[in-house]
Each structure stands twice: as C-alpha cells, then as structure tokens.
Amino acid sequence: MSAFLGFKPALLWTDALLLLLVVAVLLVVRHIRRHEHLAAPWRKVALSRAGMVSATVLMVFATIGLLDSMHYRPELPREPGAPAGAVRYAVEMRSLLDHLLDPLPVQVETSYSAPLATQAFNKTSMESDSGTVRDYPRLKFGGAHLSDSNTQWATDISARVLRGTLWGLATGLAILLFAAFVRGPAQALSRLFRWLVGNGDDAVHCVAWTVLALSVLGGAVATLAQGYHVFGTDKVGQDVLYQILKSIRTALVIGTLTTLVTLPIGVVLGIAAGYFRGWIDDVIQYLYTTLNSIPGVLLIAAAVLMTQVFMDTHPEAFETVTERADFRLLFLCLILGITSWTGLARLLRGETLKLRELEYVQAAQAFGVSSAAIIGRHIVPNVMHIILISLVMDFSGLVLAEAVLSYVGVGVDPSMISFGTMINSARLEMAREPMVWWALAAAFVVMFVLVLAANLFADAVRDALDPRTRVRGVA
Amino acid sequence: MSDSVLRVSDLDVDLHLGGKRVRAVAGVGLEIRRGETFALLGESGCGKSMTALALMRLLPDVAGIAGGQVRLDDEDILQRPEALMRELRGRRMAMIFQEPMLSLNPVMTIGDQIGEVLTGHLGLSGAAARTRTIELLTAVGIADPQRRIREYPFQLSGGMKQRVMIAMALAGEPELLIADEPTTALDVTIQAQVLDLLRRLQAERGMSLLLITHDLGVVANMAHQVAVMYAGQVVESGSCEQVLQRPRHPYTRLLLTALPEITGSNQQLATIPGQVPPLDGGIAGCRFAPRCAWVRDDCRSRAPVWQGELRDGVRCPHVAELAPLPEQLREPMARPLHVGPPLLQVQDVQVHFPIRAGLLQRQVGAVKAVDGVNLAIAAGQTLALVGESGCGKTTVGKAIVRLNRLTAGDIRYAGQPWASLDGEALRRQRSQVQIVFQDPYASLDPRMRVADILMEGMASLGVGGSSAERLARVDRLLDQVGLPAAARWRYPHEFSGGQRQRIAIARALAVEPKLIVCDEPTSALDVSVQAQILNLLRDLQTELGVAYLLISHNLSVVEYLAHEVAVMYLGRIVEQGEAKAVLKRPQHPYTQALLSAIPRVDVARQPQRIQLNGELPSPADPPTGCHFNPRCAHADRLCRQEYPPVTVADGREVRCHHIVQTGGAYVPAPLKPALGGDDAISKLPQGPA
Amino acid sequence: MAGMATQGDGERGGGVINYIIRRVLYALPILIGVNLITFALFFVVNTPEDMARMQLGMKRVTPEAIERWKAERGYDKPLVFDASKQGVHTVTETIFFEKSAAMFALDFGQADDGRDIASEIAKRAGPSLAIALPVFVVGLMTMVSVALLMVFFRATYVDAGGVVLCVALMSISALFYIIAGQWLVAKVWRLVPISGFADGGDALRFLLLPVLIGVVSGIGSGARWYRTLFLEEINREYVRTARAKGLSELQVLFRHVLRNGLIPILTASVAAIPLLFMGSLLTESFFGIPGLGSYTIDAINHQDFAVVRSMVFLGSALYIVGLVLTDISYTWADPRVRLE
C-alpha cells in the first residue's frame, strides 16, 4: 500500500484518445440536451427497458475501462544515499484500476487453481514429516487465511457472500438514493421508493433493480476476491478475475477508438460522393470498392504483420513493453478503422444522394448558399442518426473481432491482456483431464454480457432514431 | 331493406399509436344499395380509408375494429372467423387502392396476379383462367392483352396499372367494389379515362361502387349517394344533388365555398380556420365546433346526434337556422399588362437530360424535358404554366430559378442576361427570383427552427441588415403569412401542412424577390387549406407587387390566381394567352381535352368529355410532327409530319395546324352548355333550398 | 414519366450482355488497385531488407545472410524500375513485375517452404469448399425458414422471443461456438472425431461438426436481418392487395412476401459464393482441415509473406467475381432489372 505516496501521471496514446472521446461524447450529450428535437428520440431510448438495462450494464463496463485508462508511474522507494530531491519513478505503468484492485495483481500462484480453491490444481511433491508426498499444495493466497481449509471453507465462503451481498445492497441503495436526490432533493426518498416498487413496464424501475443486482454481484465478488481467486488462476498462476477486468479496457478501446478513424473518413467521403456526384463520386466509389474487395481479416493480417516488422526493426522507439503493446493496439484500431469505414460511407452516400434532391436543399441552392454550408447545415444534421446508429451497431462487432483476430495472431500484442489473448492461451486447456474450464468460461461469459448489452442498446437506439422503424408501426 | 348490399352501423375503429388509443372512426353508419355509386367524401385524416379497410377487415396491425356491425346482405361479417372472411374478399367485395404503382406485386406477371383470384375464387386454371384474364383485361380497355398478361407491372404506365387493378377486382365478380382514392395518383386526362371505365363497368354489371375520395368534382361526376366524413364521423348524408347543391352541414358548406371553382376569382375564398382536432379522446361537443363559422355555445358542450334518415341526414341540430356566409369581394383579375420589357423572359429554352447506354456509357439520346419554350412574365402578375406530370413544367421553373442547366436558349431578367450569370454575379442577383415547392414536408429542413429557415436566405444574400434587424424581419414575415411571432423558435414538425407552406412562402419572401416560382403550391394540401394559401398568394401579390410563375395541373387554382396561362405538352408550349380566354375558349385540342377532363362540381358546367387516346409519350422519343398528333382526334398527314408554327388566334398564341386552316375561329367540339360572358361564373346556392 | 416504361423492347437482350461486359470491365481497375495496395503494403512500407532482418532474427544477422535470404526469394531486384537493364527488362525484372503483376497470370511464386503456392491453392480449395458450401446452403435455408417463422408469428411472443434469441446468438463469439461444440459433441458425447480430415465418403464424419457449428454461429445475425427484410415487404401495399384478393396468410407469405424478400437475400448470398473457396480461418484451423483457411493462418503465424500476399490477391479477385455475379443474379431475379 505504499505505492500511493507519490506518483507521476502517465498518458498512453490510447488513454489520450479515449479521454478525447469521452469529452466529445459529453459535448454531444450537452448539445442534444439543449435541443428538444434532438433529445426527443433519445427519450424514446430512455423508455426502452432492454435499452436502459443494457445501458446500465455498459456504464459499469465503461467505468472499469476508464479506471483502467488512468495510468501513472508509482514512485520508487528512495535508494539509500540518494540525494533528497531525486525522486525516481517505476518504469512500468499502473492504472487506477490496478491500484483499486491491489493486491490482486501481485497475488500470483504457481500455476492453475480452480475458482475459489484453497489448493492448487496439480499435485506436486512436497516435503512433509513423513517424507515426500505428492499432494495438492495449499495456495499462497487463495484461502490462505484459513487454518483448516476442509472444515472452514464452506462457512467462510457463505459468510463472505452474505457480507458482500449486504455491502452491495447498501452501496446500491446509496447510489440510487444519490440519483434520486440529484433528480430533486425534495421527495428523494419517495422517488426512490417509487423506482423500486414501480410497475413492471417502467424502464426506470428496471434500471433501479439492475443497479441493485449489479451492486450485490459486485459486493459478493469483491468480498470473495479479498480471500480467494474468484475465477481461479491460469497456467502461470495469474488471477483470472484480474485478467477479465483488464480485458475490458482492451475491448472498449477497440470498440470505440476505431470509430475515431471510421467516422471522419466515412462521413467526409460518403457525403462528398453523394453530394458532388460526378468524378468525385467515381473516385470515392472506386476507393471503397477496392478496399472492400480485400478480405478484411487478410488486410488486417497483412497490415499487422507489417507493423510487426516495423516494431521489430525499430525497437528503440518503445521505452516499455506497455508502450509497445499500446502502439500495436492503437495501430490495430487504425487498421480496423480503415477497413470498416466503407460501410458507413456507402450508407451516407446513398442517403446524401436522396437528401440533395430534397426541396429544402434546393431552396438553399436558390439562395446561393455555398456547398460547404449546405452540407454542414442541411446534410450532416439530417444524416446524424445514421452515423450514430452505425457507431453503436459497430461496437459489438469490433469487440467480437478483437477476440478472433487475437486468436489468429494478428490482434493485440501477446503481452496485452484481452479476451482474445485469454482465449488463445486457454484453448489448449480444454484438452486436459480434468479440464481447466474457468479461464475460458469467464472470458466467454463476460464477453457475452458486454456484447449482448451493446447489441441490445444498439437495437434500442436504432428503433428510436431510425425514421423507418419509427413509422413502420403506423403505416 | 332488400336492395341494400352493405349496411354499416355504429362502426368504431381504434388506432393504437405509441400506447395512445385514437378513435379514428367513431360510430359510422352507411347503407349502400345494389347498383349504386356511393361516395364517401372527406379530407385527409378524416377516417374514410380506415372505414373502407375496416369493411374488408384489412386494417393494418396498429388498428382494430372496436365495435359496430357490417352487414353484407343480412350477415354481420364482423362475426365471421378470419378463414371464412377470405371467401368474401375478392369474391363478393373487392377493393382497389390509391397507388397503382405500389399496389401490384413488382415481381409477378399481370396474368399471374389476376389468375390468383380466378383460381382462388372461381376454380379456374390453365387455359380457362388465361382466356378469362384476357377477357377481363379487354373489358378494362387494355390493348393487346395476350402480350400484357406476360408483362410485369413496371412495364405498364400508371393508368394501365390502375386498369389492371380494376380487372383484378372484377375477376371475382364482386357485388361491391370499394375504390379508395382510385384516381388521386393519376393525371387529369388519365383520371377521366379511369372514372369513365368505372362508371361504365358499374352500369354494365349492376355492381355497387363505394368510392372513397376527397375530390368534390369526382363525387359530382360519379356518385348517386354521398356521405361526408369529418374527424371520424359521418356529418352529412344524402343524394349527390342534395349534398352538393344544397349542403346542410356547416362543414360541407364551407368545403364547397372553399373551392375556387364555386366561388370564382372575384371573391375571397371561404376558409376553414384551425385544424382537425386530435382524436385521442376528450372531445365533448361537436367535433367541428372549433372551426365552425356558425358555432353556438351548446355546440361545444353537447355532442350532436344524427338528424334524419340513415341515407338522408345530418349531424348538426342547427342546420335550419344557419345564415348565408357574407361574400368578401376581391379586386377582379386585371387584364395582363405588357408595357415595356417583361420582368422575366424565357427564349427558346431547352433542358435535355442525357441518356447513356452501351459499353462506354456514351450518350445515346436525351430526355427532352424542355424543348424550346418561350415565356414572358410581367411584373406583379401571375403567369400559370399548366400541364400534366412529365410535361416539363417543373423543369422550366427550376431553370428560371437557376437550379438546373440550360441546354440551349436564353433567359433575361429585367432585360439583363440571366441564364449566363454565374458565380458571384449570380449570387448577387439570386434574391430577385425565388421558389416555393410543392411538398411542404420536404421543403423545410426538419432540423432547423423557423427563424433559422427564414434567415438562411437573408444571411446568404446579404438582405435585411444586421442580425437584430433580420430577426425583426422574421416577425414581420411571419405576420405577413399569418403565423404568430412565437412560431419563430419552433421546428417544422410542429406545424400542419398548410402552416408549413406559409413558412415556405415566407422563406421565399424573406429576400424580397420580384418573382416567385410557385411549383404546385397547393397540390399537397386539402381543399380547405388550399383556399387559405390561395387567398394568401393573392393578398401578397396585391400588397407587394410580386410576380408569380404558377406551375400547376389544377385548372381551378390557375383560374383563381393567374392573369395569363401557358399550356405545356411534352416539353413545349401549345397554347398561351390571357387566362380567362384560354380557360373559357380553349383553342388547342389538347387544352380542350384537358379542360374537359377536369371533373366539375357544378356538373351543369361540365364540358363534354373529349376522350384522349393513350398516354403522354416519352420525352426521350417524342412523336414526329405535332407532339400531340398520336392522341389528337383531328390529326392529319400534316400533323404527323411537321411541328406546327405559332398562330395568333383569338388573342393568344396556339401551335396547331388546324387553327391556320380555319382562320383562327376553330372550335372543334362544342362546349356544353354554351358559356355566357367572361364573368358568368354561376354560384351555387348557399343555404338549404 | 408515365409512358416511358414500355419502350425499348428490341434492346433487351443486348442490354443485359452489354451490362455484364461493362461490370466485368469495371472490375479490372479494382483488381489493379488491390494489386497496388498489396504491393505498397508488402514492399514499400517495409523493405525486403526489413523482412529479412525480422525473419532471420534481429540480433546476429550478417549482411550476407540478408542478401542470401533476398536472393532465394527473388527480392534482390529493384522495386519498380531497373535503370541498368535494357528495353522492357527495365520494368519486367523488378519486384513489382515479378511478384505483384505476375499474380494476374495466377503466378503466385513459391512459399517459404519451397512449395508452389498456385498448386497448393488448387489442392486445398477442395477441403475448404467441402465445409463452406454445406454451411452456405444449409445456413441460408435455415435462416430463411427461421425468419419466415418469426414473420408469420409477427407481433406475438414467438416473434419477440425469436428476436431476443437471435440477438443473444449473435452476441456469442465464434470461438465459443467452436470450442463448446468440440467439447460437447466430440469430447463429451463422442459422436464425431474432434478434428482431422479424410477424402471421399469418409470425410462426412469429419465434416459434420464443423458444418453444424458454421450453420449455428450464423443463424443469429442472418435470421434477424432476413426478418427485417421480410417485415419491410409485408408492410408494402401489394401485400394488402394480395390479402384483398382473399388469399390466405400462408399464400401471401410464400407467394408474395418471400418472392420479393428473397431478391436482396439471393443477390447478397451470390456475392459470397466465390469467397467460399477461401474457406474459414477459424473452423479450418480448429478442426485441422487442410483447406485454404488453415493455409492462410499458418502463413500468418509463420510470417510467410508470399502466401499472405497471394491469398489477399486471390480473396480480392474472388470478391470481385462475386460482385459481377451479384449483378448477373439481379438481372435474373428481378424482372425490373432484367427487362429495363
């Protein structure tokens, strides 16, 4: 716990871009809140139960990811004899999440152990009073506080679950009370009560119970994690829960930063092709057909292989392993973005072709308004829903793609923890007898929850924003 | 009653919209007799289409029948299970719809689509079905049916598609044909053909026809019996003569006086203020009370009950006590002025759109949308450009506003070059000529507030001074077009169609133009709203001295607004002159046919129909000689060889060989009845007789 | 523009052929573009020098070893232009001409293990197709059936449940389907071998599981998409006309909705057919099937640039064939395209 005495903030490239993205999202949210006609469709999202519950789940993931994106370098203990002013910082970075999870990252066992186990998964030869025996050794950290693991384990687990549940419940209620208070200090308690017992159709009601459920789950896992490896450990004894939590950031970075590349290219080229037509359209169409025609995985593979060559031939460019992995992650986002803007551009081109013939655009042309102003004032705001829908729809696909790419070996750096690298390193364990299933299961389940939440949220957003789905019911 | 085919009583239809329940049809009662044409008349959103779909039990998923009876002969068909309902649909009751383009399956041949009915209901198949299909197509006037049965809907024109729809409906030999706005999507001359066909088939087969329409002229020409719907209820019912000649309900009366054809161009049109009330419950009194000119206190609190018979009654307790509406006279239309150079002059303008084909996409031809048009618009006056869809009139309008490129010819504005301006020079002049579009929903950017919409042009063209002054100008403009100043911070979707069109007019006025191109400014609007816009356009012209180029296919609108008329056919102008002269004594055979095709409300003034053969040819491949010759009853060898030169006859320019031959006094078909003087526009009686 | 529709009977036959020739000609510059991109990616971004250094290990590598590595693979020539040669040889004896342009003639060169890439591709296409084709056919039929079922029961709990299930299925990683399928079917139930491949009739037992997994993993997104397409059709006015004729719901669905809804489905599927040759990277590597997918994965893992480059080119060429086939299938499936 001595690490927090002093530290130096450190900013990775992806941290900076993620921060930029958060700021951009906040600005957009503020803009939308100020304009009634922009806010109206989002209020429909707020009425969707599936949409709001999944948004709540996504918020939890986002919080974990953001905590893991605030990096710093801890101060090293002063060497004896060093001058008083000279403070040295560790080379390796830690994130706020690492700090909060302490000591989980460093509680490394020797090898595999099952979830909540007190003993290792494999027998080893141990010296004991009666000579050398082969037995399952006690773990260094998992259940180490128990003097007799056989008798005390069950009661300890139950006690911890109960304690964690109560803690979680209290925390959840506190969060809800705070939210109720923010909505209006008066009658905060009665509002909270309404939220909890409200009728089943109410999205707020569902969100309130989701918050409670997640808090209870979080509380139970947290209390258990203080004494056990909740999801077990992997081959090198690393805690699986810790890896899962670290994987979340990687998934979020891939899912969101890619859009930073996709968005400008797709929007500019798509709208330009649709608005100006003629040779500009021809060139842009040629560009995206050509790019589209290269199978995505292969283009990514080729590009990543080439980055690998670059990184291997320029080792001096990267100070630490973290920076190197971060560069590769960023590059992966870039190349994913370059291969995935074509869909957005095609959609926008089609829509712009329709919009430019609309009469309000022609009215603007009759006023001599310049093309740039027409695009900015009339076209972009009217294709915004397409942009937003395609952004949220892309997210889940990118998270899934990361796993596959990392499995194929052209994803993130092997030293970076991600769902893909976890699955890749754990897949051979399925063949073991008895099977080591927990790392794979944990990775798949958490990834499923994240992707499902993203998909459901995307559906809610599309239903609310897409004018076609909006009128379908009435026609 | 034994001769009643369909008897509807207390029919309720509910719409479920986003958790809200809206009663779209409330207590409708109708009785349709054997062999009669029954018109269900109403403006958009009154529930007439919902009623029709409810009769067939074909309501969309969001709607449902909430109560009532529909008796076909003596059986309440609402009680039938869905499986048995299928035996009725297409067999005893058939239906045709508004959009023939969308109502046929695009990937099935005509023959297969008609054959489905024959197989399903009459058990015909193979050669028998084929023979019957050909008979049906012949009966609806489709030439070469042997070939057509193998064709797909996209290979047919709009009018032919509607004929195929009718053939399909007839295939099951139904007792009742429900036609939901069957001609609204068609051009006037095609509409006349289809209406003739329906009338003939109905008489031949003794079939009953339920005609759903918003068009009073169609009702007058087709119906025996009429029911008028307003806000989900039938407000008046009676024989056609009764309802149209001696309307009783305030709504029917106002609707008729809102028609320029009835009121005449020397009067302010009657308008119905406000809008149809929302139907999601909570209407205590009469649904028309908020808009009624004769409203009394008890109207707002007590819902009126039906007075009289089912087939001859009215939903208003005060009909006996209604005073006639006061007439509001206008300045009569001035005669066209042509002193000095015209404000805008169009000389031999051509706009061609290239057709590309072949391996290298070379230009192999051109759609000659506009092919040599001459026009002159005088300052402060209205020139109407009249023609059917596809004749090129909108292209002319856009060329004048410089929204598309001329292929040849010249346009001069106030004697100065106009078509050749570009870049900054064009931008400086753009404020002179502005445009108002047809569709008030597509012509306003949904993401912009009204003030921003009005100020966009001012900012771009540097009109209106500082931004504070511009804002003040926005208020003035809104006032001018009859909208409250509070409208300026609202978004277009908060306004109705008529209000949006007012905003669009204000947007054009914002830059102080001398000429506004009005492209079908009222064709997307209901009659009562159309009247408001027509009044507004007239008032603005008197007030501001702005000139209009009115592009329209609606001749009664033209009659109300225009000083001069130019009739366009296939990219060229065939007749041009003073409005009254052209509309009263048309010279060109096409103008005559066009005028005769418009269904008049006052059937006594309906000219004898001049049947036009076929439909508008392709502007990519116009006929040689006179473009009109393949459809003209008077065409001879000369017409097929040479395009006719301009002849000045009876004070207007006409392009017809026959005018030359007869020395300018050519009147081929007698117009019936003989017309009196220019101002002899007879008015219908206002009150009950 | 009424009246324009009925013209042009005489040009129909020639029109379609012209159209197809035009599409094929249009495909050519795209293939050239792909070729240039791969060339830039493999030879310009990083020089053959860099590749050699990486392959031979970073630390102790002599310039001679690098030269030998380059010479063995023919990478010792200038990139695009050799001023020291005469005539056409200034252009032909370059890396671009021999390594990139040659691919147009299906000359892919040699892999790092010395085998001829072209013959390797020919050999491996069969096993790839043996999996990809059944997955494609069975998958398409399953997805259309599931989608139709949901549409038939639209606005009921069957439909709502189906959609939720589809979203759940498409939220599961493809890796999970494979790993869980292998574990359950092959290891626990022991119904089929875990992995491997054999020729002839024996292949069936090896193919069963990968095909099943391929079909299941695609159902979620496919069925959901087709459902939207069918629903879009079912709200069109011609469907109302069909009901007004007195057709039953099943007749409406199969005779009218399916026929129109299948047009976008068929044409989108046709685009995918040529790419079936490329096989599936994941399935083939997990099941040890000697197809082009596993070939590609092995090449990526061994950093065999020649093979990766060839597969990029092959994939693009097949994609473009798919584009042309899509256009042709449109003219076949949709009379509006065929006859206009």
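When the chains are written out, they are named A, B and C in that same order, and each has its own residue count from 1.
Here is the rule we use: a contact is a pair of C-beta atoms (placed from the backbone, for glycine too) under 8 Å apart; a residue touches a chain by one contact, two chains touch by 3 or more.
Just so it is clear, the model here is predicted, and its values are computed rather than measured.
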{"item": "Taking each chain's C-alpha mean as its centre, the one farthest from chain A", "value": "B"}
{"item": "Comparison of A-B and B-C by number of C-beta pairs in contact, larger one", "value": "B-C"}
{"item": "Separation of mean Cα positions, chain C and chain A [Å, integer]", "value": "29"}
{"item": "Inter-chain centre distance, chain A versus chain B - centres from mean C-alpha coordinates, in Å", "value": "56"}
{"item": "Cα-centroid distance, chain B relative to chain C, in whole angstrom", "value": "51"}
{"item": "Per-residue multi-chain contacts in chain C, two or more chains", "value": "235"}
{"item": "Junction residues of chain A - those touching two or more other chains", "value": "475"}
{"item": "Chain B: positions in contact with at least two other chains", "value": "60-61"}
{"item": "Interface residues, chain B side, partner chain A - complex", "value": "17-18, 60-62, 398, 401-403, 426-427, 430, 433-435, 437-439, 442-448, 456-457, 460-461, 491, 493, 504, 507-508, 511"}
{"item": "Complex interface listing, chain B residues touching chain C", "value": "56, 58, 60-61, 83, 86-91, 94-95, 97, 99, 102-108, 116-117, 120-121, 152, 154-159, 165, 168, 172, 187, 190, 357-359, 361, 389-390, 614-621"}
{"item": "List of chain A residues in touch with chain B within their complex", "value": "36-37, 358-360, 362-369, 373, 377-378, 381-382, 473-475"}
{"item": "Complex interface listing, chain A residues touching chain C", "value": "286, 289-295, 297-299, 301-303, 305-306, 308-310, 312-313, 315, 396, 400, 403-404, 407-410, 419, 423, 427, 430, 435, 440, 444, 447-448, 451-452, 454-456, 459, 472, 475"}
{"item": "Partner chain B, residues of chain C touching it in the complex", "value": "1-7, 11, 15, 18, 21-22, 25, 154-155, 235-238, 240-248, 255-256, 259-260, 263, 334-336, 339-340"}
